[in-house]
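Each of the next two complexes has chain A plus one more chain, namely chain B in the first and chain C in the second.
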Partner chain A sequence: MQVLKLRPPLLREGQKWYFDPKWLIIIVIVGFLLIFQVLPLIYLVYRAFFSEGKFSLQAFKRVYTYPLNWSALVNTIVSATFSMIFGVLIAFPLAWLVGRTNLYGKKFFRTLFVVTYMVPPYVGAMAWMRLLNPTVGPMNMALQKLFHLSQAPFNIYSMGGLIWVLTTFYYPYAFITISRAMEKMDPSLEEASRISGANSWTTLRTITLPMMLPSIVAAALLVFIAAGSAYGIPSIIGVPGQIHTVTTRIIDFVYIGSQEGLTDATTLAVFLMLVANIVLYLSTFTLGKRQYITVSGKSTRPNIVDLGRWRLPLTVAVTLFALVVVIIPFVTVALSSITVNLGNSIFSLENITFRYWERIFTRKSILSSARNSLVSAVTAATLGLLVSSMMAYLLVRTDVKGKKIPDFMITVGSGTPSVVIALALIMSMSGKFGINIYNTLTIMIIAYMIKYMMMGMRTVVSALSQISPSLEEASQISGASWLKSMKNVTLPLIAPALVAGWFLIFMPCFYELTMSTLLYSTNTKTLGYELYTYQTYHNQQTASALATAILFIVFGINWLLNKLTGGEFSI
Partner chain B sequence: MSRILIKDVTKAFGDVVVLSHFDAEFVDGSFITLLGPSGCGKTTMLRMLAGFEKPTMGEIYIGDQEVSSEKNFVPPERRDIGMVFQSYAVWPHMTVFENVAYPLKMKKMGKQEIKKLVDEILEIVHLSQYTQRVPSQLSGGQQQRVALARALVAKPKLLLLDEPLSNLDAKLRDSMRFEIKEIQKQLGITVVYVTHDQLEAMTMSDQVIVINKGCIQQVGTPTDIYRHPENQFVADFVGKINFLPAESKNQKLTFKHSNQQIPYGGDLIGDVVVGIRPENIRFVSMKGDLTGTLVSKFYLGDVNDCRIDIGGELIRVIAEPKSFDTCKEGETFNLRIDEFMVFKDSGDDFHTKILT
Partner chain C sequence: MGYVSDGFVCLCITRFLKTYFAIGSVIMKKLSLVLSVLLVLGSFAFATGSAEKQDATDQGLSGKLMIYTSMYDDVIEAIDETLEEVFPTVDIEFFYGGTGTLQAKIAAEFTAGKLGCDMLMVADPSYAFELKEMGVLQPIMISNASDLAFDYDKEGYWYPVRISNMVLAYNPEKVNKADIPNSFYDFAYDPRVAGLISMSNPLTSGTALDTISALKDKYGYEYFTALGKQKVKIESGSVALTKLETGECKVIMILEESVLQKREMDKSKIEVIYPTDGTIVIPSPIMSINDQWSPNKNSAAAKAVTEWFLSEEGQKNIVKAWMHSVSSKYPTPPYDAIPTQEILKNTIPVDWQSTLSLRNELRTRFEEAVAKK
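So, the complex of A and B:
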């Protein structure tokens, strides 16, 4: 037998090095992320240990012996852990009821729960601090009257209150993850259990639940990270009750402005980053591999469980949940925006006003903040989508070496807490290393991209991987060039995903609070920050009007997205 | 082992009736095949037997138990049925042993007994050496056998098979066909098998039920169905066939296009359609029933597949392979028809159209 000598076909005789133009794309993306993400984060860690030019644990000693910081650490871990537990305990049954049973109105509920995901969490905090205010909260008062209690049953400014609001605003993360996994599961796996003699409940316990376990754990970790690195909710709910978290402490330290304050912030941020990255590693790189691939056969019609006589009671329960967790808070915020005196009843005519709405459309500072937010969110979404599309193409369609590097970096970026990203950018981008973009919108845009680009990338990647390469090849064999094939075949097919991906980056950037709080300057205030200052220092009604406007935009975009993509995507 | 009785079952999804007035009785210990093109309602019937769908109307009995009617509905887990799914549905988070032991665990059997029964059934499906593997380490054929073992381990009254071979490659499908039949004989169990593959239906079944557009077309043994189809749909769906319009008069059939005649002893008069299976036509040197010119021939190894012009229409003839060398295109041949069937001409091609 003759032995064939294999030689890379692209290497011609005498040519030792071949430049693949795809590398250029990788180099540009990697370069960008290296400068604006990796190096700043590394510098952050470096600063924590070398605060005065030489190695020292002095900063750690100072920060972690201060009781307030310790309690912040404990509070963060406790609140994130409980939010995670409650979030999953809520999300799993909800996902099951909405996805796999004959619950009444499940489509409506699904949309409702998913939309919460796109609502800025601080809106929830604003609503609940009104509803469960220990002295005048209307929900507290109603409950007090209903059960003849001597005092208000709940105090929102407590650890319990913090956990409650974190849970109600971060459980959608788990709901979406678990719902998706449930949809992907082959229904005949459950039918096989039924026919083997197991009833619905045993099937849920022995087949559905264990099969979903990797997704459930991933969902739990997602909620943990989101709740642990949240800033809006703890700063509105926690701080008035003297419950500090790592994020609020970091921002306090930065606001002190001194070198020592920055060092302390850095030291705390390193802790937060470490926790987040460990969790990210666990969920992406260990659990990801354990995900059961359940390719379904012909019958992808989900196996709908008949709830029987439980159908009505369970629907009532889900309705109550939706009412308490979604409807009442949103309505509260909307009503606050037209109330003259928040202490009085909204149901009297003289207490209704539209002057706060007028204010948000006329006041200069609000308008300029809105413009800043719009510009930076549009830029971040557009650039982010560009990077996402290129990355998606590299990941799905090519086997170019090194494509995993930028993918890894983007994943880490999105898993890093916002506070940490912003702090790292402040420390390294204020001229110390030749780049000074502090106090500009550019630094805002870069921070947004690092944090939210992955949402776009995942959407485009999954859309592209569902398109068989043979569709492009069929176009090429019909005489179209590669570029034409892209334009005529691939682009129209992934267009809905591109639109969805753009909005998925745009929305969170548009109302972003945490990073903006650290990165703003007098000329670059954003909508999220403006709202926050009104809420905390000036006038809650104006903040509520802004929040309501944001809610309308979120629902509007969701509706638009649904129309544009023919029902394929909505947030 | 169990007798199955299906009484006037109709199933509709909203306004769409997928199965109408289905009546059948399956004899204890027999191998029944529901055969039909995809979308004909056969899988729906199977899922109603299993209890995954409720009939809109009608009753189903398994053994003496009424499992489905207006008043009663027994959920799948209490029907004592084994089932193999098209996608196998082998649970990825359990080992082969755990998968197969599951139905026994549901019966709350003791550990010892479970082990004994699982080992027994794994022996039968030739998987004894794989007990501790997880499904992702098994090939498609092996996963399919795990599904089969799981369906059989609790010794159900009834085994349902939903196109279990359609995801396997041709060679494996061939051998699994015999294996399934062998196991069924060994255990003496009643089997209901759903397929669109007529070859599977022919080789395995005691009784075939041909379904089209939600209606039973014919019930019979494989030979019945093949040799005496009740209508053109069955004739066409089960095997290959030539349909020739003809007129029946004076004990003779006259083909409308070619005017050639063949004798006919049946009692249909007037416009008819004659169905002739290609393998029932032979080349003969003299005294043929028809004459025709060879238009094309294809050597398939085991047969010689020919098209012959008998004057105005082409018919397909499947001849012995060695005829490929002797017959030349353009030559005229005498053809002998060994067997044919005659259908009333309904005037449309409704029955021959197969929706797939």
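So, the complex of A and C:
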């Protein structure tokens, strides 16, 4: 893979270099992030305070004394916090059951939960507003009948409903992070605990959990940021129930179209950025130092816990969970895509149609949006993986000075809410500072990279850190060149991680909504935006067909890669 | 390895700047390299996204024509096909969005010095006044203007091209017409349907803006407050129609054309209620952008397309797309609708000038009233 060929041989004594090429890479990455991430964000903050050319708190006063904005701030924090808590509470046991126990069908479940990461989260909102609306939601009706209730037990258009949908569609972020850490945990500590007489439960509580803590915090953070900066779910579930979040307010403000609207959006965005940064900072400050402890240098296969008599009940519980959280919503959306009248039963022939499916393959705008998304997601994922691989090599295999700087910047980028990144790019990249890429796919690609590169980087870093450098050294001692040992030893070992890393960047970019909503133009509409427009503007069945098609593609690719890599591909 | 790097503690951005400047001039070269690589990649990506050009030139027309419109995609698709037959040599492209969305887009484009469209077919007539004032419109004189049954700009800056009617709708399979509001007034004040009503967002929809403007003139700003108390859901017409189908909503405020389309295409039973206190009639304009502002500078094609839309043939297509004709020469109403003249007997008038001058106030006050819990 070209990625690694770009890397020059390690600096050896006696060789003279005027300039360490590793720096070049660092400089290139830092330069890119400086121009497209750091400076735009600084400009955003500047604009919030200097909206009319001179320092003024007017905008702040206007925005923050407006009660609707206040409730949006509170709603954002409340919904993101609870989604984070519930998300981790779901993800940790699931990751443990699926990764470290002899649960029945755990491989299937793992794929199922990871796949949820790969579908657009707002598809969940589409399903749940149908299933749990207070007037006629079928799930509500069924529960009402079952328990003889006088009214529907759930109202999806509420804070609880919002948290439910956010949780069930953002917990996979935590699941992936936690299960990755769990799978490469050094089992000797757990063995030691067991040998010393502790049972499985005590070992889990006293060894596994504390060792996993940094990863859990990191996972929690991911869910918090993702839920707090989501646009699709709050706008479909929250807004009809008068629950606004900061993101929906920001996009409303931008849509008002006036300069004042833009200033107000900026001012709100600064708040969102601040919250995200504080959370990021606190979690790193308190727990960040401990994160490397769990990684063992040797390649290990974690031992599998026997669930004993709990094996069947736990499998049933996980199945139920999968049914409610994954299967039912997906099936709902799939059925909607072939239903003419959503008020009538799907089980009558005249109510079934494939017209909406035909539409998604023939409509010009849908096809061109799909092409745009494909081009921008592939470019973002490929460039992102390139950066990720170089960063992984720098971080794991070298101790070059300054390698932490780009790492830090990438982390901050992914921790910054999407809407903030998009807004900052719009304001700084439309010609004001010599670069005008507004209304092009380039600006999308850059935004996607800033936001999603880190998922790829972490995957490659974690794979590379599990490979002992002694293998490469052995190859080189035996006479192979640096390049050759890279090609023959390192690359085959981390190849599945490279594929997984590419996918972790590609998928969210492919259906991205929040940033695309702000950055799209006539020629650069994306699939996510198109789907969202169909859902909220043109026709929900067509939107459902499009969402189902994306699901099929995701499952298909996942299956194919699994086959191609001999089952080694996993995220 | 966790998500967060331990290097994070140094949050101060100044440190980057220091590092950045310390390494100095070497970076600048590399940066420009990265930039140019990115730009090349970007323009490649962009190029693959652009449409192929046609260069045939019979009828004397050629080139591209970009039309921003707020019509639904089903309607656009049908009209687009007809246009392709009528103007085979012009590459006509539609870009759709709610009127408000398009207004925001045009405002941004205006600031940047160039609009992205050659023609506009948005819903809010008051917007035509604004664009004319901004000096971006191209006057087009048509020969059959006297056939128009509605007001048009005498200097040719805009013409009405289709009539949309804001009405109420209900689902007779789920509720009785007698049990629900039959007027805009009751829609906001009838406690029987509290929490079970829905309407479009004046922030993104032009017809919704015109509607709340007319209702404010008739019933005052209290009408907005009443809607808020009524817990009206704010969403697009297609979402609202689905909620009517499922029974999640009992009555909705919606454009007549959306209901008619659903009746014809989906054989839906959903019915229009022409409100007893008057229908809100919105003649949507067609406008062309002048050469100074338009991207394709194709005013000849724009004129031809305008003339076609206002011809009998064009109006026939508008009616086929479930909207009412603006031409007295073609009075046939759309599928399942009552005649235009019937509707015009009982309307709530819209003051376009005040809609324009109060646009932000209307939107803000409406949002404040309905977005509160």
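The working rule: the second predicted complex is superposed on the first by the 454 of 571 C-alpha atoms of A that agree within 3 Å, B and C clash if a C-alpha of one lies under 4 Å from a C-alpha of the other, contacts with A are read in each partner's own complex, and residues count from 1 in each chain.
Just so we're on the same page, a contact is a pair of C-beta atoms (placed from the backbone, for glycine too) under 8 Å apart; a residue touches a chain by one contact, two chains touch by 3 or more.
Please read these numbers as outputs of a predicted model, since none were measured by experiment.
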| item | value |
| --- | --- |
| Contacts of A:A192 with chain B and chain C, given as first, second, both or neither | first |
| Which superposed partner A:I421 touches (first chain B, second chain C, both, neither) | neither |
| Partner chain in contact with A:L221 - chain B first, chain C second, else both or neither | second |
| Partner chain in contact with A:V326 - chain B first, chain C second, else both or neither | neither |
| Winner by number of chain A residues touched, once chain B and chain C are compared | C |
| Contacts of A:T202 with chain B and chain C, given as first, second, both or neither | first |
| Which of chain B and chain C A:P210 touches, first, second, both or neither | first |
| Overlapping contact positions on chain A, where the chain C interface meets the chain B interface | 292, 295 |
| Of chain C, residues touching chain A in the complex | 1-11, 13, 16, 19-20, 23, 26-27, 30-31, 33-35, 38-39, 41-43, 45-46, 48-51, 66, 72-74, 77, 80, 93-98, 100-101, 103-108, 112, 116-117, 171, 173-174, 196, 203-204, 231, 233-236, 238-239, 242-249, 266-268, 360, 363, 367-368, 370-373 |
| In the complex with chain C, residue positions of chain A that touch it | 19, 23-24, 27-28, 30-32, 34-35, 38, 42, 67-68, 71, 130, 133, 135-137, 157, 177, 181, 214-215, 217-219, 221-222, 239-240, 242-244, 252, 254-258, 261, 277, 280-281, 283-285, 287-289, 291-292, 295, 340-344, 363-365, 368, 371-372, 375-376, 379, 383, 402, 404-405, 407-409, 411-412, 430-431, 435, 437-442, 445-446, 454, 458, 461-462, 465, 521-524, 533-540 |
| Partner chain A, residues of chain B touching it in the complex | 43, 50-52, 75-83, 85-93, 102-103, 106-107, 136, 147, 150-151, 154, 160, 167 |
| Chain B partner contacts - residues on chain A that touch it in the complex | 186, 188-189, 191-199, 202, 206-207, 210-211, 213, 292-299, 303 |
